[in-house]
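After this come two complexes, each holding subunit A, first together with subunit B and then together with subunit C.
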Partner chain A sequence: MKRYILRRVGLAIPTLFLVSVIVFGMMRLMPGDVVTRMVEGHGYAPTLDALRRDLGLDRPVHVQYLDWVGGIVLRGDFGRSYWTRQPILDEFLRRFPVTLELAALTILVSVVIGVVIGIVSATRQDTAADYLGRVFAILALSVPYFGLAVLVVVLPSIYFKWTPVWTYVGITRDPLENLKIMLVPALVFGVTRAGPIMRIMRSALLDVLRQDYIRTAWSKGLSERTIVLRHALKNALIPVITLIGLQMPLYIGGSVIIEAIFRLPGIGLFFFEALTKLDYPVVQSVNFIVAALVVGLNLAIDLSYAFLDPRIRYR
Partner chain B sequence: MRSWIRASDTAERGTGILIPAAEPAARQVPRPRPRAWYVDVWVQLVRRKPLGTMGGVIVVVMLAAAILADVVSPYGFAQTSLRERFIAVDRSHWLGTDQLGRDLLTRLIYGARISLYVGFGAVVLGSVIATVFGILSAYFGGRVDLLLQRAVDAWMAFPPLLLLMSIMSLVGPSVGNITAVLGVAFGIQNSRIIRGVALSLKEHTFIESARAAGAGHLRITTAHILPNVLPTIIVVATTGLSTVILTEASLSFLGLGVPPPYPTWGGMLSLAGLDHMYQAPWLAIWPAVALSLAVFGFNMLGDGLRDLLDPRLKGR
Partner chain C sequence: MRRLTIFVLVSAVTALAAAAPALAQTPKRGGVLRVAEREAPSLDPHLSISFLTHSYVSLVYSQLVRFPNGPEQKSPTDFSILPDLAEKWTVSRDGKTYTFNLRKGVRFHNKPPVNGREVVAEDVKYSLERFVAKSGFNTRFEPVVGIEAVDRHTVRITLKEPYAPFLNHLANPSFCVILPREAEEKFKDFNHPDALIGTGPFVLKSYDKGVRVVFDRNPDYFMKGLPYLDGVVIDITPDAAARLSVLRAGKAELPHIWGWISPEEAKSLKKTSPEMVVQPYQVIGQGFIYMRTDQPPFNDVRVRRALSLAIDRKAWNDALLFGEGCIDAGPVPCALKEWKLDASALDPAQAKALLGYDPTEAKRLLTEAGLGKGFTTPMFHWPGYVPPWRSYYELAADNLGKIGVTVELKPEEYGKYISTTQLGKYEKMAMGPSTPFTEVDDFLYGRYAAELPTNLSHVADAELHKMLVAQRREMDPKKRKQIVDDIQRYLADKAYYIYVPQWPQYVAHPPYVKGFQHHDGYGLGMRLAYTWLDK
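So, the complex of A and B:
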């Protein structure tokens, strides 16, 4: 087990190194007129050279890279925003709960919808309910979430005079108000993500329901409810969980658009605003932190599989 | 030696009768020449996959709209008419007009052209990249494989949208750029699948016999591995088209994809135009419907083709 863990962690380190090179290189290749914009449009410094020196952009590229990576590895310092001069990590940590909450609610919504419809579809195979469920899954797969989000923002405000709440309230300040704000975005995003979950739930459950131990359960005289919910569901949920793990990057990526439409002050909006303001250190560090989180998450998933299933360790 | 697998050759396809490879001379009945696999797939699609056929019809309509955009659309896509702003529906503007008085139907039709142009361009480019790197990585193995796969790992660690947004703001929005960027991204992601298929092919005896017959690396990879990877490539490409079109739409939505005045469905829905939609909800509805229909069409067609061509990938 120890050797397996060491090997997996050992593989993650070069990946993170490559990730850091990719994000850093990308930012250096940017047609870099952020300095011009800051000096001429906003008067950040008297001359271009002064600001460049100030931001450390006059140093050779490899020194800048080592400074950035060194800061992260040695001091946990992810640099500062060009515009606000605030530490990026502080801002990231302040905004992270919003994105995390959005992702958690989205996953909750999509799992509840997907699993319930999947169960009904599988246990009532080839009935009207099954077809309805499958039509729903296809619709959910086809409607783009940002299109749905725009419609949800625009249409009710025209026809019912209803608008989503625009001013954000933190979860610690007023949990109920916060939930009211987060619910609509999470529902919109969650409904469109429920399609694949429903599909995989349905096919996994159909598979499991045909196995011998389920026939044994039937012949013991157990009720359908007990068989499906207590015996079959547990095994059928494994591929669903794998799917959610694989789709984590999609939830984070999608939060950029959802947060932009619903004006939620999360990581996605932070990233998007930094990108439009050419705030490269922010873009670079947010990209890196998120990628590192994904690598870490994958590692955790792999290790937990190895923990649960000894066969994997010896492969 | 012809080494690809034909859909019409495998059991329970077509007539449903299993035809033995070597028929005894006495039982020889004249039978129709088997269709080539690339023809057979379409026949099977229409016969057995109603949803796939529906998707195919949508795709054909879209293709026709895209190719004939100049002929069928009533106006120019950037033709403004300030006296006719925000018309909902009328006889000369079937789907209404936008804030500059541009005809929405015209822009949707041209939008199909851009979507398909970017979609097909990116998928073709991406399939070539995926195939070349997938086969190289699998065939040569060892250090080449290790290096390439770590690079793919690093790429896949990013949430795709964040990375693509960063790259698009680096190279600047344009039709050519977004096609190239989406193509490269598609290629890197799918090289894993091609690599997997090529890895298992590599172990087959026909590769060994080709090598024994004196075939070089180039001949083995192009004449023996490539034709067998082809069905997988087609499946990956058709199922990937909807994702690529959707990604282009989300980037254009954010203003990082195809720049104005070119009409794209994502751009028409866009964040920047949100304020106008409160006045004219059809500006949001029609592009969303067009995009959903296109994604639905490509998804269903892709699913149908996947089931017929490569059942191994089912449920992926």
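So, the complex of A and C:
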């Protein structure tokens, strides 16, 4: 086990090294230059050169790379934003919980809606309830979440002089106020993500309900509720869970627009704005931290198998 | 005697009638004004040229001199010069030495490490020298050769030559705010919220990044009685639709740092929220097609005139700007009325080349230039500018196509656009808006003087250059205006840039917001110092 963990950690190092090289290189390959972006065509050569020196951009690229990576590895220093000159890690740690909370609530909303409608649709196949459920799924699939978000923000403001846009309050400061702020964005995002979950849930449940062991359960005289919830649902949920896993990048990626519309100070917006401002250190470091988190999470999941299933042994 | 009595009575009634609304409009103290706006990219006024940065920090800082605001201003483009930290100033007869006498007893905000110490001449010297060393706008100080603290309250600035735009640049909050040296020494620059220490009407209370910025009234502000508001809150709202929604829902008083909304939004807001004040302003702004006039085919004036005659400006104005735009948008923008030479004062043939629409004549000119079969040109641009820009690019391509000029629209990513096309590094042709400058020199010398990166059309015209230099060296405003008029006459039919219509800007706020007057001078602090809430 110890050797396995060491080997996996060892494998993570080249992965993160590659990530660092790719994000660093990609930023340098982006068209434009952060210094001219900062002065937007107003600065003349001497000012631009001074700014480049100030930001350390006059040094050779490999020196800049080593400086950045060296800061992370040796001092845990992810650098400072070129624009705000503030430490990136502080800003990341402040913003990351907002995006995580939004993603968690969105998953919760999409799973609850998708699974419930999926079950009703499958158990009432070809009835009005099924058709309604399918119409909902198609609607949820075809309405873009950013369009729905704008409608939810704009329409009540026109007709009721009300809008679900509040000033963000952290969960630790006031959990109830925080929930009020996060609920509408999570509902909007979650509803549009519930469509695919509902469709998969329905088809998986229909498949399971035709299995022999379900027929046996019926013949034993069990109630529909017991058959569906205790015998069929568990097996039908496997593809749903796979789908949620596959949708994870969408939850994080989609947070950019949701955060902008509902003015949530999350990581998506931080990253997006840094990208448009060519704030190299922010884009590099945020990418690197997220990649490190994914690598760490995968490792944790792999290790958890051993605890969940005693038949699995690592060498 | 009777006549006199009647006259006195009538005068008294008239005076009372005139005073009544004024009395009703006596500003009230108190209240907090909420603004929905994007986050400023940074807070250091010298390390960013963003209008958001300068608008945010203008609440906190003062300058030596400033533009009028609120009841002081005659129009949104009134750029007369008023005292700010300098209570008076003198200019030497040769126009090369400016001496400023500072107000005595003005103190920085009472925050560490400055702790409310008095503003002195050394602070002015430090701030202006830092501007020269660091700001992207520092070319405005190119003629400055010396900044000297003569004594505790006197600053002398020496120029190498007379420079008429100098006071305007000093009054521009984007350039010359006065900063305390201790804050930079402690925080390395002025980006840290705790470094935001000035002498302006508001004091930064808190900055929750990505969420909200809170300013309190400065109780020690040197303009007694101002500001009227107890505070200002900027709620960070990145999305434009959300900004308008919070205005409608009563969660913000301004849907933009200057209260701006687009013409389409103004129409919609008037319909859905008729109680809102929606005021149109002709603001400084300009858009143009620019081209490599140093290379064929655009080095031929007939080709450039043909392009100008192909643009149906009236149709653009009617279709996209509800007929409210200004067609005569260049070379001096419509809103810079003090300097603008109206097209009616031009020779009709010249005016036609500047503003006219005549595709038949355009085709004839192209044939005369040997391009009767037309030609193909790329048009570089950034598609992300606010409406109606995307429609502008398409309309330009369509109009030019009708005279045989095939335009290939070449959208660029912003970083690339700003660091290449916007610096004049492009092939053949490009299109986009101009920065709304406050000084006419930026629209003339800046756009037409040879070798400048802002000379986007690569104009190299010796006769014009002489006039451009002369207007910036002429210190007598009347004589300077004559030269500026001559330049406009000279440029009218040269078509170095093809100017397109400019739209009015709408300012929206609830009716209880009083005294908020738009001014094109970039600062928000003084605008809000005169703003009050009638509720």
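In this section, the second predicted complex is superposed on the first by the 247 of 315 C-alpha atoms of A that agree within 3 Å, B and C clash if a C-alpha of one lies under 4 Å from a C-alpha of the other, contacts with A are read in each partner's own complex, and residues count from 1 in each chain.
We adopt the following convention: a contact is a pair of C-beta atoms (placed from the backbone, for glycine too) under 8 Å apart; a residue touches a chain by one contact, two chains touch by 3 or more.
Note that the coordinates shown come from a computational prediction; the quantities given were computed from them, not determined experimentally.
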- Message: By the touch definition at the top of the document, which applies to A:271: first (subunit B), second (subunit C), both, or neither?
- Response: first
- Message: One more residue to check, A:220. First (subunit B), second (subunit C), both or neither?
- Response: neither
- Message: Contact-wise, after the overlay, does A:84 reach subunit B, subunit C, both or neither (first, second, both, neither)?
- Response: second
- Query: Once the shared chain is lined up, is A:36 touching subunit B (first), subunit C (second), both, or neither of them?
  - Reply: second
- subunit B versus subunit C as contact partner of A:143, first or second or both or neither: first
- Task: Considering only the touch criterion stated at the top, classify A:167 as touching first (subunit B), second (subunit C), both, or neither.
- Result: second
- Message: According to the stated criteria, A:287 is in contact with first (subunit B), second (subunit C), both, or neither; which is it?
- Response: first
- Query: Taking the superposition as given, does A:47 touch the first partner, subunit B, the second, subunit C, both, or neither?
  - Reply: second
- Query: Thinking of the overlay built on chain A, is A:75 touched by subunit B (first), by subunit C (second), by both, or by neither?
  - Reply: neither
- Task: Identify the overlap between the subunit B-contacting and the subunit C-contacting residues of subunit A.
- Result: 30-31, 150, 153-154, 157-158, 260-261, 276, 278
- Task: Please give the residue numbers of subunit B that touch subunit A in the complex, ascending.
- Result: 51, 150-151, 153-155, 157-163, 165-167, 169-170, 172, 246, 249-250, 253-254, 256, 266, 269, 271, 274, 277-278, 281, 284-285, 287-288, 291-293, 295-296, 299-300, 315
- If you look only at subunit A, which of its residues touch subunit C in the complex? 30-34, 36-44, 47, 50-51, 83-86, 91, 94-95, 150, 153-154, 156-158, 161-163, 165-168, 259-263, 265-266, 269-270, 273, 276-278
- Note on the structure: Seen from subunit A, its contact residues with subunit B in the complex are 11, 14-16, 18-19, 22-23, 26-27, 29-31, 138-139, 141-144, 146-148, 150-151, 153-155, 157-158, 200, 203, 249-250, 252-254, 256-257, 260-261, 271-272, 275-276, 278, 283, 286-287, 290-292, 294-295, 298
- Residues of subunit C that touch subunit A when the two form their complex: 39, 41-44, 47-49, 133-139, 188-189, 191-192, 208-212, 235-239, 241-242, 244-246, 248-251, 272-273, 412-420, 422-423, 435, 453-454
